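Two complexes are shown next, each including subunit A; its partner changes from subunit B in the first to subunit C in the second.
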Partner chain A sequence: MTEVLPDAQPAGTRQAETEPRYGVGERRKRFDALGRVRGTIRYTGDEANPPGTAFVGVHRSTAPHARIVAVHTEDALAIEGVLAVVTGRDLHEVLGDRIYTGPAFADQPCLAVDKTRFVGEAIAAVLATDPDIARAAADEIAVEYEELPPVYDIDDALRGEAFVHEELRPSSVFADLAHLHGVRGTNVNYEYRQILGDAAAERERAATTVSATTWAPPTHHVPIELPSTSAWVDSGRLEMLSTTQTPSYVRQTVSDLLDIPLSRVRIMTRPLGGSFGCKMYDRLEPLAAALAWTTGRRVRIDATREDAFLLTTRHGARVTGSMSADADGNIVAVTSDVRYDTGAFADVGPRIAAKSGLVAPGPYRIAAVDVRSRCIYTNKVSAGPFRGFGVPQVTWSHETLIDELARELGEDPYRFRRRHLLREGDIATVGTKMHSADFLTCIDEVTKAVGWDDPTPRGDGRWVHGKGVAVGMKAVLTPTIANATLNLNQDGSATLLISTVDMGQGSDTIMSQIVGEVLCLDSRRIHVVRADTDATPYDTITAGSRSTYHTGNAVRLVAEAMRSKLLGFAAERWGVPADELVLDAQGVVHEAKELRDSLPDLVRAKFGARGATVTTAENFTSWWVPYDHDTGLSEKVTEHWFAGAAAVRLAVDTWTGRIRTQHLAIAGDVGRAINPTLVEQQLTGAAIMGIGHTLFDEMVFDQGQITNATMLDYQLPSIKDLPEKLTPVIVESAHRDGPFGAKGVGETTILPIAPAYAGAVRDACGVRITTLPLTPERVLNHLADAADPGKAGR
Partner chain B sequence: MNEITLDVNGTPHKVAVEDTTLLLDALRRRVGVTSAREGCGVGACGACTVLAEGRSVSSCLAVAVRYDGTPLTTADGLPEDDPVVSSFVDSDAMQCGYCIPGFVLMTKELLSENPSPNDEEVSDHLEGNICRCATYPEIIKAVRLAAKRSAT
Partner chain C sequence: MSAGRVHRPETLEEATALLGELDDVMVYGGGTAIQILRKQGLLFTEDYVDIAGIPGLRDLTVTDDDITIGTLVPLRRVETDPRTRRLVPVAAAAYGQAANPRVRNTASAGGNIAHGDYRLDPPTALVVLDATVHLASAAGSREVAVREFFTDFQETDVRHGEMITAITVPRQPDGSRSSFVKMRSLSENDWPCASAAVLAVPEDGFVEIRMGLGAVAPTTVYLAFDVTPDMDEQQAVEAALDIADSVMDPIADIRGSASYKARLGRVAVEQAVRSSLKELSRD
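And then the complex of A and B:
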């Protein structure tokens, strides 16, 4: 399947017969593998605390929606070791409305000021000499509330009787939200529409229509590393070390919050102990910055696991959809009403509503669509980005619909999808042309792997067997900006400065492979500097599977610039044209004149010094065409697409409702695998996370309060939840502009898991479940209802 | 306050702890061990695992005074050529790596009790440890390889 790129060998380089260089396409180990195994690499929370550090405990709201009448801090202040207690009102007096931050709407106060909007919102902060004292003292704070009518869910919110925010306050980050400024009397903070053709008329004329309302509950990321932020003031500058995927964003937020220039803000990072979207945008950072700035103390905030559940979640989403076919089985219409519960703060929910709304019809050839995708405030923990960025929730809908449509028409769910899937050069419903999104190979490979056409075992009466398949489609975050700076050291090693955060995906390793490939260097001699906004250049964010493509391209460009520079040095030295020179693993060579110089000699000759550095800097920026205001269509909505597929064979225990995964195969089109080992880990890791979302993973709320915010109560996939057989398949349909053809892969296989399972359950026992997760109880209820036709499905 | 000696990877550390000080806090804040980590605080994820006389302990639930003088092993105390360490490295059994020291120590314990475990025995022993990156396929490979290397 590997497509060989004609330009895989960049001009001006030559493959030399040498030892392995661990370049592009090689299964190089992570450079810090030993440190990760022995636990000696340092994460954010491992840094020592200088004397004078004030540890922060947070007092949290016990009311879902209430005016804050008074905050009593005397008892907390009386505790020995307590240095200060700070309320939202205290911060507001100094910082004004700047304490309301957020990536889409300026609606998140780092401490609630006059009103609280969810159970668990931060109300006041205690600074103490010891973390245990800080937490104990936070419990001694007493808050008087005047309760307001709560908005617990999407239905409450859309009834429009109570409002989580009095008016909408778009932040300055996204220009296209400006028209929402000052809108009052709504809980809907954003709506995306996609209109192609006349879906209502097509549906009217259609031969067959299937409909379903699906629900995907809120879930939590639960990276094992807990969030931690330290902040301090040094010479009038705010410096911070934080667990964040978005150092460049945090720098801007802190600059806005404190009203100081970007040059006076420094955000430092360490490797993250997992994140999956929860350590980005505004988490602990605005509070830490505000406390350090207003008290002058060095502060450290460590979230407990219970705190972490209150910082962000994945959006719960309800989708009411339909899919219609004409008499020949062509898909003529899809409608989709998507409602995202974004909780108390919009966070990046408006972007999720749009970016996933645009793929809500699915990756199929469809004549007409009508999508309405809304982001809705409720009085619950705020929802934000989570691996997949809202797309798993809409995939759950469109894959449920097409599976039912295939069955309704008496067609095979695999072949029916295959017939309609978008191909290279097709136009997606959103109006953008498809390239490097090989759905056909993905679905062919996963069905082949699980033996789709083999007979399904008949079972023993108790256990019944089934097979299911699904695909998923996602657009990469566009437009975004990536920068890279490269220092070639005189000894022929190199130091790469980028602001991509390595959180386990192995970005530091693949970026060095790209540099090594271009410069014919052993990639193990290339060091990648941890994101530090004083040193590493601006990069939009490490998220949305964008880094391999965007930052990878900046890295490719900066290495190519370095190659040109080095060839220029040799041309100058030898008095020959640079285009007669070639760079190979031994250095620069002029073959005709038999001139050769190693990189160390070349750099030393240029500068006359050992240890000198040569620097290049480059930028890569992607572009898009914004959605049409009325139709939501765009001829270039994204820089590229992710295409993934899953096929599963499973057995259902009809006595207990338990599902046993016999074989799960997943495939993702990654363009080109820079490091196949790391790609396979992303494919399988996302799939296993998807198994959790499918079978048991769920945040449970009771009157706005989370009831399972500990790891005893919140179930995650363990080694026991591995499928009996798990097959990852790398599909490589090179992207014309990707670095060596590559695209990202972190989210691709989380998209199709739940619908593949639900299709297999349907196949095994005839019940269609549209509410996640597929717990034993839910499966049993459906089986019982199917046996008793008088009951509706639950 | 109690004066106790924490014997960590063969080095004694005299530390002062309260009756209620957790072993994890004593190791991290007093001894400076950072390979044992708090993930959940309730003994449900295994990131804080240490070995006490070779037996696994969730140090986020254990009281430090009970381990006065007990030989403790943390992952950073294992040498590079330890068969379990080298097997995890060679099997690429890590993504973010935060939980991996816990898996390494659980594997040390397993192989000391059962030098050639089958896959079910491996998953039975490791099911209390959570790898959120879901590196489980590689972890299983690493344990198989470590059993082979330990036997030779």
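And then the complex of A and C:
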């Protein structure tokens, strides 16, 4: 499943100097590209089921908000092949309130205990000898509900009449939430404020103010690979194989849930077939652990496609904002009221509310801001992380505002943004200095690519044409922790142990490129071990585009430590100072004394054994200054910034409202591209996902129930929905502390897609749409309203 | 989901016998609709008669007058076969826009119409071409005009014990021109919100316009009218829209409101009529 490696070069030959090493900055295919395309990779769900495996079927709630009066399991238990039926109360008797898990709030029971909080919540689990029997038996479970007033949306939630949770229960993970413990009578579980200057007064004095209320609906990740978790007990230890981006987090959660030491929990992973944030934190894992632990059986839970829609979503978000300019066109004030619908469980919503709220004003020089960003419970499927971590929803607001402000002032949307964009050394509204976030080059490159100043076609009466541009700004999750352990093998190959999960983004490939660059090795000779908490060291999460920078730095450090160690071996052997030695592609060399040793010879000489290993371990931890209590400002809110831009030329069919993309250009500042091919693919992939979110991707709810949770009705971009031309542009403004200057890239270009499109629709036909997605019907309704004198100017 | 019993007869007689004897039974052709409906828990049929092993059902045969499509002929073949493209181009066009190539390679021509969904693309072409559906049962065989085949929402004229064996499609009349237009509201690969197959048949100075409309009413709709020599293209389009308006009764869902779907229906009709008439005037 990997590429066939060339035979090892004979030790000490000069020939190796000319061989490709696929180091930093070089294009290299993913090491597992062929296996992924041909299906020869073993994913989690491909693992064989040992005899005795109990398959789990889940009975799900049909009520959005209700007390559970009784769960009748007799009919399910009577079915042949059913081994056990477990309810939330059964688990609660054994595990107590530890059954409530979650990264921010301990609000998520793996099976509902006394009440259910959304249609689709897991109520009871059937263990059976066969997955079909398990599912059929789950259907035979009957639940008696006592209906409670439902909280369907943000407005219901803020009315304060019914509450999804009786009281807030912060988890132990985030210390800054401790003060919320025991708070009752609210559906708002977190609020972030950002206050800079006096936005109200500035707005009052301003010459021009534009306002907009934007809505971005919940969406689903739809990875190709469905979630799957197996768990079992071995010698008093809980072992698990799961589709997760967060093995270190899951290990801690299982340890807390079962009240056993971390050393008695093992979480194993396989490559993921896509995830985009949906396989993080508490998905199937707490239930699998609880069932395996309490029944002693090996259990396996496989989510169906329809189940997957009930596990997590992207946050729907409404933003009411304004942007004001003085008579000279300077931006003097931005206000932003951000409301994230987090559904029944907070999940990581409070973090999303803060990390997105802090960039809600946009990457501009702004005199005064007033941001209020809230995370709000409702009786819907829980929302969690999704590529972009809440930032696309606020970008949709600030880019709508600045585009409209530019038009109001009669200025070009590109040049108006350009004039106000943050530059190197500027202080963002949140109080943190900008570095390695080259918005200017990004916006210049994308507008140049689409021929921004070329005339826009006049159209044929039916089709009208337009152009749009937008930028997006995101802070990397900070602080976080990464560790790396490196084993150099005596033959000059290496084995890298990290807990980053490769889900198609290519992390294993670029991490080996970093090691290879430092140690002058062919990166194809470096193997990256799949995350396994018994072997690979702690890593906060594989998410938020943090791995290239954080884990990449740990990997750079561990390779540098290895280089020092190897030079030390040679120094000891030759009796020379280590600082006179150099490591190159042939090994260690002392130029003056003409001493040279290949790595295989050096390691063999040191230990006297073939196949010996040399080990180093390093840590990289980013740090921050917490938000000021009153203003939400911080002089270092993030380790680094992501800067991206998109420009689009499109045509709108005024008969049908349909949008056809002629050219989409996207750019992201990645600091330094470790592997330009993979960077271009990430920029492109994020943009295509953004096109779906822009044009039709949406989870539709009716009274708390999802109505399109199947692949027949849930829409994703197909090959035919892609732009006629798509241009990814890599911008490299090196980060002073990044590994070789690099930063992450996975989310950068999903941020600006929707507002770039909406700006182009505005340009093409004069209507400003603030609700996503831009379905043809929505476009047409706006055109009709604009043509109706009674409704024009809304 | 129970596995369901699958029967694999090797002759038409065995198959029709099973269909007659079994109570809750369904013919299994390409399986593309059945598999999805079962997976979604919407179809609980106990017995399936898989007709893959019966000889002759996969044939596509041409005579001087018509073309007969065996029930198991994949949609993709109707789309790509040079004979269908030449003799019934509007059918080839409509079959070629159903779902996506993977589905078209698997889904069968008979199963497609048996599904009876009001949004199907192929029936719009079959009604304008006045195709005939061949049905077989233990009692014998019968033929039904496709224009009578779709009886109500998700319902067809296939009776208990019967199966579709073939569809016979008359050749497009000499000198006629056709067009198929499909409108989607969401992804380009999605079901249609409206579709229109139009066949323009010139005759003695008149042009007969035959229209098959999909997705805009509970069943596929067939309409026809004559363009008289005194009407120009615009008047012909307006006449077509008037008559189409009289039957449009779309179903609102996540793909759009009824009024939006009706609008797309009008656009599809206008495009298809204009395109057919333009082709005709070029001759």
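As a working rule, the second predicted complex is superposed on the first by the 774 of 794 C-alpha atoms of A that agree within 3 Å, B and C clash if a C-alpha of one lies under 4 Å from a C-alpha of the other, contacts with A are read in each partner's own complex, and residues count from 1 in each chain.
Here, a residue touches a chain if its C-beta (ideal position, glycine included) is under 8 Å from a C-beta of that chain, and two chains touch if they have at least 3 such contacts.
The structure presented is a predicted model; accordingly, all values stated were derived computationally and were not measured.
Looking at the shared chain after the overlay, A:V183 reaches neither subunit B nor subunit C.
In the superposition on chain A, contact of A:L780 is made with subunit C only, not with subunit B.
By the touch criterion defined above, A:R42 reaches subunit B but does not reach subunit C. Of the two partner chains, neither subunit B nor subunit C is touched by A:I481. By the touch criterion stated above, A:S718 is placed in contact with subunit B and with subunit C alike. Of the two partner chains placed around the shared chain by superposition, subunit B and subunit C are both touched by A:T710.
Legend: residue contacts after superposition of the two complexes on their common chain; A:G273 is shown touching subunit B, with no touch to subunit C. When subunit B and subunit C are set side by side, the one touching more residues of subunit A is B.
Note: residues 304, 710, 712, 716-718, 720 of subunit A belong to the subunit B contact set and to the subunit C contact set alike, using the contact criterion stated above. Residue ranges of subunit C in contact with subunit A, taken from their complex: 1-3, 36, 39-40, 100, 183, 185-191, 254, 256-257, 260, 263-264, 267. Listing the residues of subunit A that touch subunit B in their complex gives 29-30, 32-43, 45-46, 221-226, 271-274, 276, 304-305, 503-506, 677, 681, 684-685, 687-689, 710-712, 716-720, 722, 726. The part of subunit A that touches subunit C in the complex is made up of residues 132, 135-136, 304, 306, 655-656, 695-696, 700, 707-708, 710, 712-713, 715-718, 720-721, 775-777, 780. Interface residues of subunit B, counted against subunit A in their complex, comprise 34-42, 44-45, 47, 74-76, 78, 80, 85, 88-89, 92-101, 104, 122-123, 126-140.
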